[in-house]
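Working notes for the structure below.
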């Protein structure tokens, strides 16, 4: 029974592919956060008197709060289905590094939530009155911020996995961790809208992204492993 | 070789298993026929490493399994009450991704295996969700036979299977044992395995 | 004495802050003791259950 | 290196006895120090030139604020020890830190709010220090909530340990929030590299209060950890023995 | 085998009681909306520079966005668990009117989501700088709006149950139905905060509530029944 | 009396059942022993009214069942692959709420029934989620016996049950039949019901 063993990268890629295929077969699940994001950005101008100057000031807050909430919304699904049908156990038993496999799942989450939101965000900001030149800055900020949010969220999702309907707990746990991302993300966005140099805040966002990319997968893997007991 | 010595397992405040001891050699099958709620599933999950045993020792090929979990897990295949199939994928896709996590398998081999477990006639684009309970089990059996694991841990593998399916299971087990594999099954109807070194364990208190 | 209580006009702030702080301290002692009592009860029940089975 | 003490603390009967013996002493010391500190803070310390008597809130606000962060740190350390070496006692200690920590945090928030009215003219401001401290409270509540939500005790221990370790990043955020973002809140006056910038007559009651709170925290932690250890014990001779003694 | 049969009201009450008991056993569930309220009200000011006047203008949008999100999150769970464990089939087989039983489930959803939000909403608004006199108006607006959102959500939840591919997408169609509620709700809230007369918008909200109370349960029951096939 | 005449059932594009005919009288049991994927679950679900049959007729006590569904459903109890238990409730609570949906039952009766199905010794506060698979099945059987339905539709009722559990199931069925009830079971191991009017149906093509 001496068989070739697939590399960890191959295994992780397979999970990524499979999850993307599943998402393609069930578009409702990942369209929901997007729809929510769209509704929020539409709602803001409606809920306020449409005064361009004021709206523009609100744009950073609206964007980042809805980004955070939208990724929280999707996080609840991150591992839950795999836990329910026993797939998560099979990951453990595959003999592949668990961290890598879970990172693939987080990557899917980001591809389906963070990336579309980052692409859509500048559009929403412009509709809220931001100048078109601000778009690249906003895009980069959302891109970097959403990576960190997905990674932080993966820890929370892992911790609340054993908990039925852990949604509230999930947000309670992730929120404090996400605060710096939110603050600097909103600051970068505000600077970009004002036409100022946002690179300081963007570097900070990038640093947070790198930091969480190295640490969060470990914590998430530990959390999920515990939930399987 | 799997050695289980003096294993104690708790569920909540219940001291469920008080000192389990047995050794399983290459080519052997152990059938757990214990009554409901006496800890078959618990024992299998503990061996698979999902439950931490505070007391007792598990050794695989002479080494403690917590010494190198990944190496042990590579040798183990577990099939529980849940089939670990994705309802939105076809049987073929399910097998493909499940195998990609372990070792490379050709598409041809996947197709042959699906035919072997009696799923030849189904629509290849049919998602597993719409399979009948027994058909889903068969997909899980196909996956099991593709994984090349040395130790099979099967929790009620015969559930939902018709008599042809049960024969299929028996023949998979026989082939596995002939290749030098070993298996622990939890079941309520003992599976007949002629010519195999197969022990039946009726009650947890018994010594095997 | 009333001057002391008045705290040069900030009496309401100072005393409510102190009351809340002391209240928090007392609350914790009370909760810790209650927890100990409960743990004992629970342990008794557990032992009884084990002896039963 | 002598690891005997480490293993001794790892043994439930020893720890149970140790905690039972020392908790009352710590509580007694805390009460004494508290009385001294209260006298010092309310009576002995001179009136502040700028804030008049309102500044006396410092003697409850700052100790609870410090202790909230200290408790958090201890909780994370205990959790890490429990997670890495699978020591039940460490988990019991971590679990015992959370309720006390939550109260300290809540008290520091409330007293801060009360103090804010006379000094900043508002109870609540969306200030980094205040908000990050609010998040520390959320974190304690989340920790307690996660523990409560997972039924299996061993799993609850380990899951909440991961949370405590991850959440420890909050401590520097709270502490340095005043420097990192421009804040309404006081910059460090006591804990600074060039020594306290407070006259001794005002500082000594604060130091005494901080000491009192620390002893108090130790006492509460030991009392709770005792109960937690008992909860984790599934039987065995010493539990029977302890229970027999508790009855009297 | 002639046995007494419980009335439809008794059956619906039993479901309500059971669901409340389940929620009590899993406090995460009913804490979720509150957590979201807390989060949103904390996040908005953080993402902005704290200027009271601007915060107050944001309050209506913030409140209604979080109400919508909370309903959306809970919506997903409304029937899913019952569908998964086979309880939904037992409702059908109980011989009791299905619409009444499902209405009981929607009522639980509202009791655990809408009601707490309506109670805490005014508090959140005040912390964002709304005057305390605005509290009653905000409360009534949230109360009425949340009823409608719960009822609309029940249709969406029924539709998402369907295993067929389109089912999930259909739920996105229900989301826009919520738009009028959000718009008028936010308007009522803004008027209440400004100290103006909000009764016009409140009447509209009430009308929408009544309309959905009569139609939504029928639509939801039909949607769920189809999903069982 | 249940009459099934010329029932045709489709799943997706598959014409699964091509004209099913049988009549079941009071006191009779019909065991479906068809192979995997041949439509047992489909048939049971169609009789329960979850699936709409485009062709064929179902009559209960002489009346078409779609004429008064609620009346028919009141007479039917269905136990499928899923147990319809709430994992967060105890066994007792599960039974209580399940009964409240149909007819009033005293707490005493619930407790007695739990003892009858062999769940006497478990901790009364234990949530059903932590029950073993067989214990959960037993709770579902307890519920079944409390419902006083005339027609039982059971899909693999013996799954996960140990031999004592299978005897329990047989005795429940016997008692049900003696009271004039009727039952249709889908199963892979025929259940022995001495002295009962019990037919076994091996293949869907067969005529019973």
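Order as written gives the chain letters A, B, C, D, E and F; numbering starts at 1 within each chain.
The working rule: contacts are C-beta pairs under 8 Å (C-beta built on N, C-alpha and C of every residue); 3 or more make two chains touch, one makes a residue touch a chain.
Since we're looking at a predicted model, the values are computed, not measured.
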Steps needed, at minimum, to go from chain C to chain F via contacts: 2
Distance-maximising chain from chain A - centres being C-alpha averages: F
Furthest chain, CA centroid comparison against chain D: F
Two chains sharing the most contacts, counting C-beta pairs only: A-E
Where chain A and chain B are represented by their mean Cα positions, the distance between them in whole Å: 36
Whole-Å gap between the CA centroids of chain B and chain D: 48
Centroid distance [mean C-alpha coordinates] between chain F and chain A, Å: 45
Chain B-chain F separation of Cα centroids, rounded to whole Å: 29
Residues of chain C engaged with two or more neighbouring chains: 46, 49-50
Chain E: positions in contact with at least two other chains: 26, 28, 31, 42, 46
Touching two or more other chains - residue numbers and ranges from chain D: 131, 138, 145, 149, 151-152, 154, 234-235
Footprint of chain A on chain B - complex, ascending: 48-52, 70-78, 80-89, 93, 97-98, 100-104, 127, 148, 150, 179-181
List of chain E residues in touch with chain D within their complex: 26-28, 31, 38, 42, 45-46, 50, 55, 127
In the complex with chain B, residue positions of chain C that touch it: 46, 49-50
Residues of chain E that touch chain F when the two form their complex: 1, 3-6, 10-11, 13-15, 17-18, 21-22, 25-26, 84-87, 89-97, 101, 228-229
Chain E - residues contacting chain A, complex: 26, 28-29, 31-36, 39-40, 42-44, 46-48, 54, 57-58, 60-62, 64-66, 68-69, 72-73, 76-77, 160, 165, 167-169, 171-172, 175-176, 178-179, 182-183, 186-187, 190
